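Across the two complexes that follow, chain A remains constant while its partner is chain B and subsequently chain C.
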Partner chain A sequence: MSNPSTTTAPPPVQLLNVQVDGVWHQFPKGTRVIEACTQAGKYVPRYCYHPKLSSPGNCRMCLIEMGMPKMGADRKPETGADGKPVINWIPRPQISCAQDVAEGMGIRTDSPMAQECRKGVMEFLLINHPLDCPVCDQAGECRLQEFSVEYGNDSSRFLEEKVHKPKHVDLGPRIVLDDERCILCSRCVRFTKEIAKDDALGFVDRGSYSTLTAHPGRRFDNNYTLNTVDICPVGALTSKDFRFKMRVWFLKETRSICTSCGTGCNTVIGSREETMYRQTPRENNDVNSAWMCDYGRLNFHYLHDERRLTAPLLRQADHTLQPVEWRKAFATAAQQLREFKGEEIAVVASARMTNEELYMTRRLADALKCSLVDVVPRTGEADDILLSADRNPNTSGAQLLGIGGDKLGSRLAEIVEGVRTGKIHAVVCLGEDLSEQGLDAKVLEELPCLVAMSILPNATTRAATVVLPGSGFAEKRGSMINVKGRLQRLNHAIPSPGDARDDWEILRDLIQALTGSNGLYMIEDVFKAMSNDVSALQGLSLSKIGDLGVQVVTEAESREVPKTPLETATAAQPT
Partner chain B sequence: MVSLLKQPHPRETRMIFKNVDRPGWKPDIDSYLGDGGYEQLKKALTMTQVGVVDEVKASGLRGRGGAGFPCGVKWGFIKQDSPKPIYLICNADESEPGTFKDRYIIHQDPHQLIEGMVISCYAVNAKLAYIYIRGEFPEGAKILERALAEAREKNFLGKNIQGSGFDCEIYVHRGAGAYICGEETGLIESLEGKRPYPRIKPPYFPAVLGLYQCPTIVNNVETLCHVKHIIRLGGAEYAKIGKPNNTGTRILCVSGDVQKPGYFEVELGSLNMGEVINDLCGGMKPGRTLKAIIPGGSSAKVLRAGEKYKIKEKGPDGAMVDKEITLEEIPMDFDTLAAVGSMAGSGGVIVMDDSRNMVETLANINEFYAHESCGQCTPCREGSLWMQKITRRMVSGEGATQDPKVLKSVADNIAGKTICAFGEACAWPTQSFLAKFPDEFAAKAQKNVTPREVSDGVALQGGRPVLVHDHEVAAASEGGVPEKIAPWELSNASKAGEI
Partner chain C sequence: MEIPAELERTIDEVITHYPASKRSAVLPLLHLLQEHFGFISKETADWVATKLELQPINVLEVVTFYPMFRAAPPGQHHIRVCRTLSCAMGGSYKLMNDLCELAKIERPKHAGHGTPFTVGEDGRFSIEFVECLASCGTAPVCMVDDDFYENVSRESAAEILAKYHEASPQTVS
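Up next, the complex of A and B:
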């Protein structure tokens, strides 16, 4: 999946007059010619150009005709009858990916010269291409295919034998390379050097025998390799995880976010019926530029784990857990919880839950008159690209909603101690596993009331008195706040398996079983109630969050979004 | 270092090559100092930096590396008060086929180059310079290292040169053997330790964003040597050598079907091609006649004997008049060679007689360019090999009727559409050979060959039938054809309707 090619233009300091295919337009200074053409509705085909990478100008697909204003004797532009500058057309075609627009510039994207150039480049790219579209995983989202239709010849003039190169190259743990399909655009080379800061790829040999390869003795194995599959304009780089699983044209696309760390990279989930096949990064210049890490990208297969909890379970007299109807599960959980006083109950929630779920958790705690509520912190090693040390996606949300006190996790020790000493008799565990907090199965099994909401079985669900099967991130809607304080949306891409339900609904129904109706029918109602309670969310709604999110709290982490060379250059300029 | 010619030809004007093949001459600093060496550097150091640039501008010196760009104008692009360091690079990659001059300067008169370079560094305010020497010249690199050490010892290099306050250091960098390292931005990439992928211009004009993104001047060995003589003579006096806009001397490297090939330093435009062949080189080989000349290295467009070329000449009243001349009458200077549709290029004059087949000659040239294309940009990468394959096939007797047409269109689709001038360098031979010798190409393009046809399962490729797709083999073998069937057998089987 390629991203829409939009760049954040620098602040519109100055507007320049530029003629595109005969029509005068205005563009902010600093706009690339190729971007200006897109903005003018004249898309210029390209392979090597990527708005987030440096421009080597190597594919030559974006050649256009360009001109500059004709200067009169007074060194001022001559004007024509229409009062506009007269353009001196440059006799050689120019690439549009590496130059910025200039005052009075003329561009012809479709003149005979431009057309001839594109046709020539298309032919050159195809003569040595294996044309194995029927078995190529890129088919359907291949730029070569796409542009062949528009600019290619209908028959080949090539009588020679094609150049042969390595196929099925095992480039790294997640990537397979077909060098014959590679059109040598160097996008992957530039990505891994400029963005992933790992100069791992390059070309060997020369001329038409040039071959992409990893540095000798090295594997292409950094945590960002799969982005190269996204930006490879052809099917040369394929993901071992995704290849041959599904033809892309069958995939439904759902805009969402990654929930594997606090960065919250924006994504597109590709799914068909009840199966999620992949997620790819979606451009958001305030969060992840156009990238995501491999760890986050691949961290979704657990949604299709065959051990998924698909029905509520109740502990029976014979100590086994048996499936029951939801109504029975709620009634039993409520009945068990009602046995205890607020100070005898603890709630352990998760910062992987959405704001809406955490808000309902707070309501549940209120209904239980329980004040011992906390979430489990989760940390790992950060890199200086995207991956955050905070491996919970919604720590900021938990903080904003006041779950877990000033420092998240600071009350966990008290809860654990309470369970051990018998001070706490009932625990509601939401999306976490208490065994990871040092409570072993024996201690947990002795709890007279342990209500566990989870999507996969764990030590806690196995010891629980009531198990409530919830939904994974691709199966629900809701919002989260990333480490930089940006409120973002999850969207429903696939149904939850079996009888598993959306977590916020589970919490609502549990509260309802405890205290009666609460007037929350839709997730929008939850957000509304929450935004009334939390000033930072005031005036917002799920739909107002939009696809790119909104900043709601000040940055908790001063993580830099990877910048394009252009963005870096503009940022470095004194203004 | 076997020299081809010991005595300079009487029609030569030896300035740069004064010490080449000079009896008793050694490439060491004592020889050089004994002959007035480094005096021009001392003189330049008493001038202002801008003053030196102005002399070079006044001299009209044009680059000897290939493009013939005015040297002083190039230097003028450098902002001497640049906050970044300024670099000077001597291009000693000398790989253009037919060119053999820079190596003799390096081997026999390295101090002349060093003196020219230090003066040039002073002019553009470069404190650091590199000599990028072709990988295949290991001996040259050693000689240069030795000469640099000698110059350093005598303070013609290093800190505070001759008490002037000017510091300058020169390093030798050896290439690894690729023609494209001679292209100045490819050279810069290579010097930075990368693959020599030429850079796009704009924005990477060396004078603005060159070595390590700093202002950089790249000049050819011969060009830099001339700077010394410009200081010696003064720009205006130097400009009197040669012709207006084509000033100074130039070393011609003549190869091919002449009696005495070799290098000759002549005043620009003072000899025409006929004189170069007949006077300097002792004429064509016995019994042979001139067929064609490539006048400026293999990239230059070929010129055919027997054709008339139009030039403009100053008439008796001073006005420019049109004139038709023969190939032999073309004077060897930048402007005339450009006017007749070729170029002075690197000074490599390749002479061909009537025994040469032009398709074979072009095939040879195309082998070179297909091998040397850096592979960075699409038209040159794919087009250079395509042209090589076509001409190779034509030479092997498998030329198809459409080959000349396809060849021309492939070359047309390269020239002017690439990152660097290699695009033109590899397209011009094909374009010009086809234009000048269409009959010879037609003669070698007689077969009726249709492009690969998928429906047949096979297509004639390079004269041999080759299977179109791997999966078609699979499909065929599923149809009961033995797995190890030869493609041509498959084609027969196919025709017999068995699969």
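Up next, the complex of A and C:
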């Protein structure tokens, strides 16, 4: 269950003695000074430095005082009364982001010189920065605001007129740029060049007039543009999708994963009360580094679609679908299903369902004595960065749980044919639409029993005899296994609309209506039962998965986590 | 935009001076092209990008960073007036006004960044402020094309301009 990337023993790393604010620490060789300070509990403020990007050292915010051991006549470091090297302090400040620690190095993160430097850099940065914080979308998560509180002056000495630059620049389909707010840290320029491999942004003009821009006539439009909004330390780059929708300090943050493809990028869902407003990438160096694609990030608005199914529906004698109570819906579905033998029933599930839901699907099929069960495969174009060709988030989970056989979708044709020829009389369709498999509304309407679980109406729910409204990915807990075989967790961020229910509960209650009590009361019970049945999940529980997931099966798809040229070079470097 | 075959041969040769990274050839190429065309048009910048296998933004950054690269055509003769300390104290702002008046150039009040130089209506002269021309003892100084003039007064400015009038009497429409 250990991560395959760590199974080979790493080469021994040399540890270096470094003094940070008077205390000696040990750091592995190759540690950036700024990272060493963080590890020593001394956070150094920074704008341009980002651990996943190259270090241009242009913002000057991370200036610190640095020194090296004083060398004696014998070219050996002189030691003081404490037996530690005596440090010769460099009289000028140094940037901590572009230098690695060295043996005997001394660092002062909070000396009068370092404090004065920060204050000076803050004053320069604020000279031309508009003070439009009350209407700025970055307010509340703005580094400039935060560091102003910690290191800024309480008043401005600047009497001259501020430089004016382009505002409301339509940089691309998803990004708006305010050049007056830009502090020229170049994180976005480096991200799009180094990670997105789309060298689209740059600075034109010079000095006080330096302006971030895309080339005239070129749109900033790759599938990773919104990451620049995340890493922009100020409100220069904002997301067209999110801006002005909600002040960030009202957002509740829920750790989850993206369910738009098999990569399963780790995310933070930002929600307030019943509404999800955004999702942003969460760092996981075994999955997505610190990034996610725009397609996955924005693929959540359907959760708030006004057509959401919010109550169970039953087909009436007049052929209309009418809302009913859950108990009635389960009883009717069970009654209809009991009319048929196992071989007359098919179950079509979805690899967008969680492991827990797929496990319950398996139990449902067992209860129905039905062996014709499959999952609908879903593919798209992959890229070399994060987007997987497998657009189902839990294909590996479906395979591990043995739903749909070795090759997902291989029995779909048989199911479709069975429905057409009348061999199959009852279908349980979970989170999919049978019309996409070539069964038109007319054929579906003739089925005497069609139980459909879905969150949005589709041709199948419209033709169903019983409709069971389920929950979207942000409305439930559960686990999924990504294409690399990593078991990860979804978390509950917002409630399901109306009477819609958690999918695993719907399946549990349906099984209960068919076969009586099954002793599953909480999702933890489902996971426990599942881990008893599936050897790869043995010993695990939802809480043991943790926020970063665990490796449970060998990877189905080898996908490199995006690395900067620097990271690649560091990884290849012998220590 | 057409690049003469001979210029392109020179350019190709210059690129070979930078075996480690063709990107380093951006500056020399822009100099050669500005010498030929008088300015760096958008097409010229894009041509350089294609030539050096760069994104156009990479070239645009360089063109806009250095003030001596012009993004628009100058006049037939280009005047540079020094405005660094010694010349500024020695009357370079007055010299700028005199030259503009004599050469019939209407310099916008906020000329400077973005529109560093101004072309006269007849297209004969264009003018801009530059930083130190390295002759602080003879301030104020200016250059017309590649010729250098020291201790320039209103009178000598008129004489200088007349010289270029004679040299190229035709008026560009």
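Basically, the second predicted complex is superposed on the first by the 558 of 575 C-alpha atoms of A that agree within 3 Å, B and C clash if a C-alpha of one lies under 4 Å from a C-alpha of the other, contacts with A are read in each partner's own complex, and residues count from 1 in each chain.
One rule holds in what follows: a contact is a pair of C-beta atoms (placed from the backbone, for glycine too) under 8 Å apart; a residue touches a chain by one contact, two chains touch by 3 or more.
Please read these numbers as outputs of a predicted model, since none were measured by experiment.
Because the two structures share chain A, they can be overlaid on it, and in that overlay chain B clashes with chain C. By the touch criterion stated above, A:Leu201 is placed in contact with chain C alone, chain B being left untouched. For chain A, the partner that touches more of its residues is B, with chain B and chain C as the two candidates.
Applying the stated contact rule after C-alpha superposition, one finds that A:Pro112 touches neither chain B nor chain C. In the superposition on chain A, contact of A:Gly519 is made with neither chain B nor chain C. In the superposed model, A:Pro134 lies in contact with chain B only, and not with chain C. By the touch criterion stated above, A:Cys59 is placed in contact with chain B alone, chain C being left untouched. Applying the stated contact rule after C-alpha superposition, one finds that A:Gly539 touches neither chain B nor chain C. Shared-chain residue A:Ala214: touches chain C; no touch with chain B.
Clashing C-alpha atoms between chain B and chain C appear in just one of the listed stretches 61-69, 169-177, 259-267 or 457-465, and that stretch is 169-177. Across the two superposed structures, the residue set of chain A contacted by chain B and also by chain C is 202-203, 205-207, 209. Chain contact summary for the complex, chain B toward chain A: residues 178, 180, 195, 197, 200, 202-203, 370-379, 381-386, 389-390, 393, 400, 402, 406, 412-413, 416-419, 449, 451-452, 459-462, 466, 469-471. For chain A in complex with chain B, the touching residues are 55-61, 63, 92-93, 95, 98-99, 116-117, 120-121, 123-125, 127-128, 131-132, 134-135, 155-161, 163, 183-184, 202-203, 205-210. Of all residues in chain A, those touching chain C in their complex are 199-207, 209, 213-216, 218. Here chain C touches chain A in the complex through residues 42, 54-58, 60-61, 64-67, 113-114, going by the rule given at the top.
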